[in-house]
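The two complexes that follow have chain A in common; it is paired with chain B in the first and with chain C in the second.
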Partner chain A sequence: MTDRNLLIVKLVSLALVAVALVIAGIQFHDHRNYQEEVVKGPGVTQVKKLSDYFEPLKGSINDCNIYIIDSGVPGGTAFLIGSSHPEEPAGNLTAQLFVENAKLAKGRLIVAIRANQSASRVSRPGDAYPLYYTIETPWGEKKFRMGDRWSSPLDSWPDPEVYVNYPSGQLLAYMDVRNFNRTWPGRANGMITEQTNYAFMNVIKEEGVDIFIDLHEAELEYPVISTIVAHQKGADIAGMASMLLTSTEFRIGMEYSPKSLHGLSHREVGDHSDAVSILLEAPEPFLDRVRGITDEKLLLTGQDEFVVMAGKYGLLYEKIDEKGWPIDVRVGRHCSTVLMIFELWGDFNPGKEVVIQQVPRYDEVVQNGTGYYFRDPSKAKTEDIYYE
Partner chain B sequence: MYFHAGLILAVIAVTFAVAKYFKLSVELSMLLAAIAAGIVHAGGAIPVRHLVEGSFTYLDVCLIFITATFFMNLLKESGGVAFMVRKIVITFHKTRLLCLFFLTVLLLIPGALTGSGAATVLTVGTLVGTVLSYMGISEKRVAAIIFICAAMSAAAPPVNLWAMMAAAGSNMPYVGFFQPLLVLSAIGAFFAMFFLGAKGKNVELEKALKELPEPPEKMNWLRVGIPFAVLIFLIMAGRIWPFSTPTIGLPLMFVLASVSAILLSPKKLQILRIATETIHSLIPLVGIMIVVGILIQVMALSGARGLISLGVVTLPLWVLFSTLFLILPVSEGLLQYAVAPLLGVPLILLFNMKGMNAIIALSAMAVMWPIGDILPPTAVVGRATVMELKFKGHYYKDFLKTALIPMGFVLLVATLFLIFSNELSFLVGG
Partner chain C sequence: MAILNSIISVCYYLISAFVVFVLAKSIIKTKNVQDAILYSVMLMPFILRILRIK
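Coming up: the complex of A and B.
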């Protein structure tokens, strides 16, 4: 090839790359800035910001909303968070369902829908995640951001050579400095994810949270699945919830939070506050490495031939058939499990009850669909709409 | 879904083969294969966002080996590498085994820091090769030693690109690999050096020194050692005082070590030229990392990655144990670093499911892969070795054939690590 032709090839290649960067850049920009509408439910009495509990987060990407649903009747205080890992959508959908529907007869419920906003505004290179997913509602489609497991490098970069969890000193993978469920209990002068955990710990302490639940999903190849992971302080409640749910609604296990595994909410929240800490896992075939086509359909239906085949070879820790694990099933499991845990909390702790009403249980969510429980922002008052 | 994913794999294979037929490089062939697969999956559209997003998959890894290679090139240009080689020769020329030992250690450093065997060949390979030839070691044995040690240096910790890429793809921390990788790579390198270089004579000191480049007069151990000390200090500070040390990342650590190398260099370094040459020499490596990211993203999007993963995880373990020593080097020769996320990730998944120690197993694989860098069609490190050493013999009959026994030894040891991963789990650490 002559020098002139080579130059032409290089210039054309450069132009094509520039065009591709612009096209993709616009999509990344839109995804990062897309705001999800949340209609304040009838029970919400106050909406605060996370920075109210830790000033340095004010104006940062992780300054999420803290919804407070207060019955006005003395009781306990529960705290529910979704989107610790935004690639696990049942978590934020369940949390939003609580915000838009829950009314409390006793005690208080605090909810964070998008606990790690930064991670919800980035996708994962190499994994081909869709940028968004939509949930059917009676009034149309509701669009959500699909996020990643880790905070965006735009907000937290570079990573350390190795991540050392504070204060345990446990060594973790370098990228886990951006993993919201490896950075508990957080660090005031740490990276943004650690600061976010620190702020959440302040919420727990300042609001006097009695019981804390962190909503997650897991791949079927992962042994900790379809289960309640509990700090030893909440083992009795988790064990009882597992038994009752398994005998009445669906099979769910219970596991103790390992005492030597640090950085996770079920361990650190319990260790560093008075709250009982519990983490829920629902099955999400989308996360499996053997999955087939990576798209919104798989994310929402949980149906995948390859994952089913892996199950036939005994390579999975949860059952799966051609029906998959639809999002409504996963959200329904979370709803019922949270409600059951709060009911048992009240039974075990008289005077500290958190009595929740108007939140559907598993059967209702599966029958009506998750979208049925989302309110139409176009019919809501402007002041009742919040953005995540 | 099986048909669709199979079709995508076929499109990738055919496009890659056609592009190679037209003499395109591995990187460009792979890029075309990824774009073609993306278009077929998207029904004629170009999945632009996925192509761009995939290209960023290994950005951090690229930054690490670019800055690390810059660091090594600065040491070479300042005369530090020549100084170290000469000092080893002068100090140990009467004790052949010690001389071989320290030359092996020296060969392991550049690749260990950069993750690239070619970096070892380019920075210290020629100089060590010169010394070895004055120790009565034949030309083909010298070439084989330099290649195996370069391959083992790429496998050596802290930077092993295959392990890093496969671990990242498996959501597995790249933690605990230091010791198993060090043990495996050291065994391989020392075996090659002593097996191929044991027979011979002590260094012909005067002749060797005459041929080795003269370092600047003011070069000394402090000037060579402090940049390494700076690097080690920065790495260790983050571990010893993690909550009071600012997070600067490995690339900046290499840059700071480079700054110290520049300041301590006894001669004025042409920084811009060295940086330009570093980037120029790394273009193929950076290119393949970018393209591999794109290919993996398209394969994940289309289900092709899942099909390969499913195919791998449903294989009986004994089949893998008895074939991986061939599959891994051959696939490395074909696809280079692309094999780590492509084959490594599902294998890690399988090993995890089977209750094996995934860190030991991945370490074993990550030592087998670089052995394939002597094999066609890419043979990146093998070709660099014969070019740099100005090897006059035949590539296959002399060079490759001589390297076969050490290669087989490394593959055997790595296979044993794979089979007995649980028994060897005490090695995990670092």
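Coming up: the complex of A and C.
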């Protein structure tokens, strides 16, 4: 090849790479900076920032909103968080549904919709994750960021050879230093994910939280699924909730939080605060390793023939058929389970009730769809719109 | 630990910039078409990281 032709090839390849770089770069940039609209519901009395509880997070990517719904009537204080793992959308959708709808007759409810903002602003292209998903509402489509399990390396780098959880000293996988549900109870001078957990622990302590619920989803290949995982302080409530929900609405199990498994919210929040800590798992076939085409459709319908086949071979811990596990079913399960746990909390702790109204239960969410419960930002006052 | 991580993180960006420099130099010098294309493609993740996009 002549020098002139070689030069042309080099210039053309660089130009093509530049085009690909710009296209990909714009998509990644837009995803990281996309703001989800949240319309303040009728019950929200105050919206604070996480940095109000831990100053060093001020202005950082993980300085999320803390929504407070206060009845003004003395009772208990509950704390609900979504998006510990932003690749589990039923968590943040349920939390947002509570913020936009819940009114309290007694006690206080605190909600964080996007607990780990950094992880919600990075996707996993290597696993073909979509960048966004949309939920149908009566007023149009509502768009959400699809996130990852771990905080973005842009915000937390490098990872250690082995992550040593503080203060337990338990050894965990290196990338779990960026896993919001392996870094509890956090560390003030740690990496940003640990600092975020530390800030959340401050919320729990300063607000006097009585009961804490962390919303998750799991692959069907994982044994901890369709269940309530409870710290021993909340075992009675979780067990009763499991029995009542299974007999009236849907089957859900109950598991004890292992005492020697550290870094997870159901263990550390209970161990390091006065709050009862509980974690909920709903089935999300999108996360199964045996899944087929990985796209928004699978994320929202939970329908996948390969996961169904895995079930026929007895490789799963939850049932699945051609109907899959639609997002409305998963959000509905979370709504009913949270409401049931709060009802039981009140029964077990007179004087510390948290009475929630206007949040739909499982049947209503499945019938009407999750989007039915999201408010139209275009019809809301500017001061009532917050961004996640 | 956080300070040490910040220092390493800055070093990582400097190393990424150095790799971009080496690749660009290799693209200019190479007489092999396949190598030129390969080096061009390899530039992408390093540039995206330096720009703090990915």
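As a convention for this text, the second predicted complex is superposed on the first by the 376 of 388 C-alpha atoms of A that agree within 3 Å, B and C clash if a C-alpha of one lies under 4 Å from a C-alpha of the other, contacts with A are read in each partner's own complex, and residues count from 1 in each chain.
Criterion: a residue touches a chain if its C-beta (ideal position, glycine included) is under 8 Å from a C-beta of that chain, and two chains touch if they have at least 3 such contacts.
Just so it is clear, the model here is predicted, and its values are computed rather than measured.
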Next on the checklist: Contacts for A:Met191 in the overlay, against chain B (first) and chain C (second): which applies, first, second, both or neither?
Outcome noted: both
Next on the checklist: Looking at A:Tyr313, would you say it contacts chain B, chain C, both, or neither? Reply first, second, both or neither.
Outcome noted: first
Next on the checklist: So in the superposed three-chain picture, is A:Arg289 touching just chain B, just chain C, both, or none of them (first/second/both/neither)?
Outcome noted: first
Next on the checklist: Looking at A:Leu14, would you say it contacts chain B, chain C, both, or neither? Reply first, second, both or neither.
Outcome noted: second
Next on the checklist: After the superposition on A, what does A:Pro158 contact: first (chain B), second (chain C), both or neither?
Outcome noted: both
Checklist entry - Looking at chain A, which partner touches more of its residues: chain C or chain B? => result B
Next on the checklist: If we overlay the two complexes on their shared chain A, which of chain B and chain C does A:Leu172 touch? Say first, second, both or neither.
Outcome noted: first
Checklist entry - If you stack the two complexes on chain A, which partner ends up touching A:Lys323: first (chain B), second (chain C), both, or neither? => result neither
Checklist entry - Between chain B (first) and chain C (second), which does A:Ala24 come into contact with in this model arrangement: first, second, both, or neither? => result both
Checklist entry - In the superposed arrangement, which partner chain does A:Lys58 touch: chain B (first), chain C (second), both, or neither? => result neither
Checklist entry - What is the shared patch of chain A, the residues that chain B and chain C both contact? => result 20-21, 24-25, 28, 157-158, 190-191
Item to check | Complex contact set, residues of chain B against chain A | outcome: 1-2, 4-5, 41, 48-57, 59-60, 167-175, 235, 238-239, 242-243, 247-253, 293, 296-298, 300-303, 305-307, 309-310, 313-314, 341, 345-346, 349-350, 352-353
Checklist entry - chain A touches which residues of chain C in the complex? => result 1-2, 5, 8-9, 12, 27-28, 31, 33, 36-37, 40-41, 43-44, 47-48, 51-54
Item to check | Complex interface listing, chain A residues touching chain B | outcome: 20-21, 23-25, 27-28, 123, 125-128, 131, 149, 157-162, 164, 166-167, 169, 171-177, 187, 190-191, 221, 289-295, 304-306, 309-310, 313, 315
Checklist entry - Within the complex, which stretch of chain A touches chain C? => result 1, 6, 9-10, 13-14, 16-17, 20-21, 24-25, 28-29, 32, 154, 156-158, 189-191
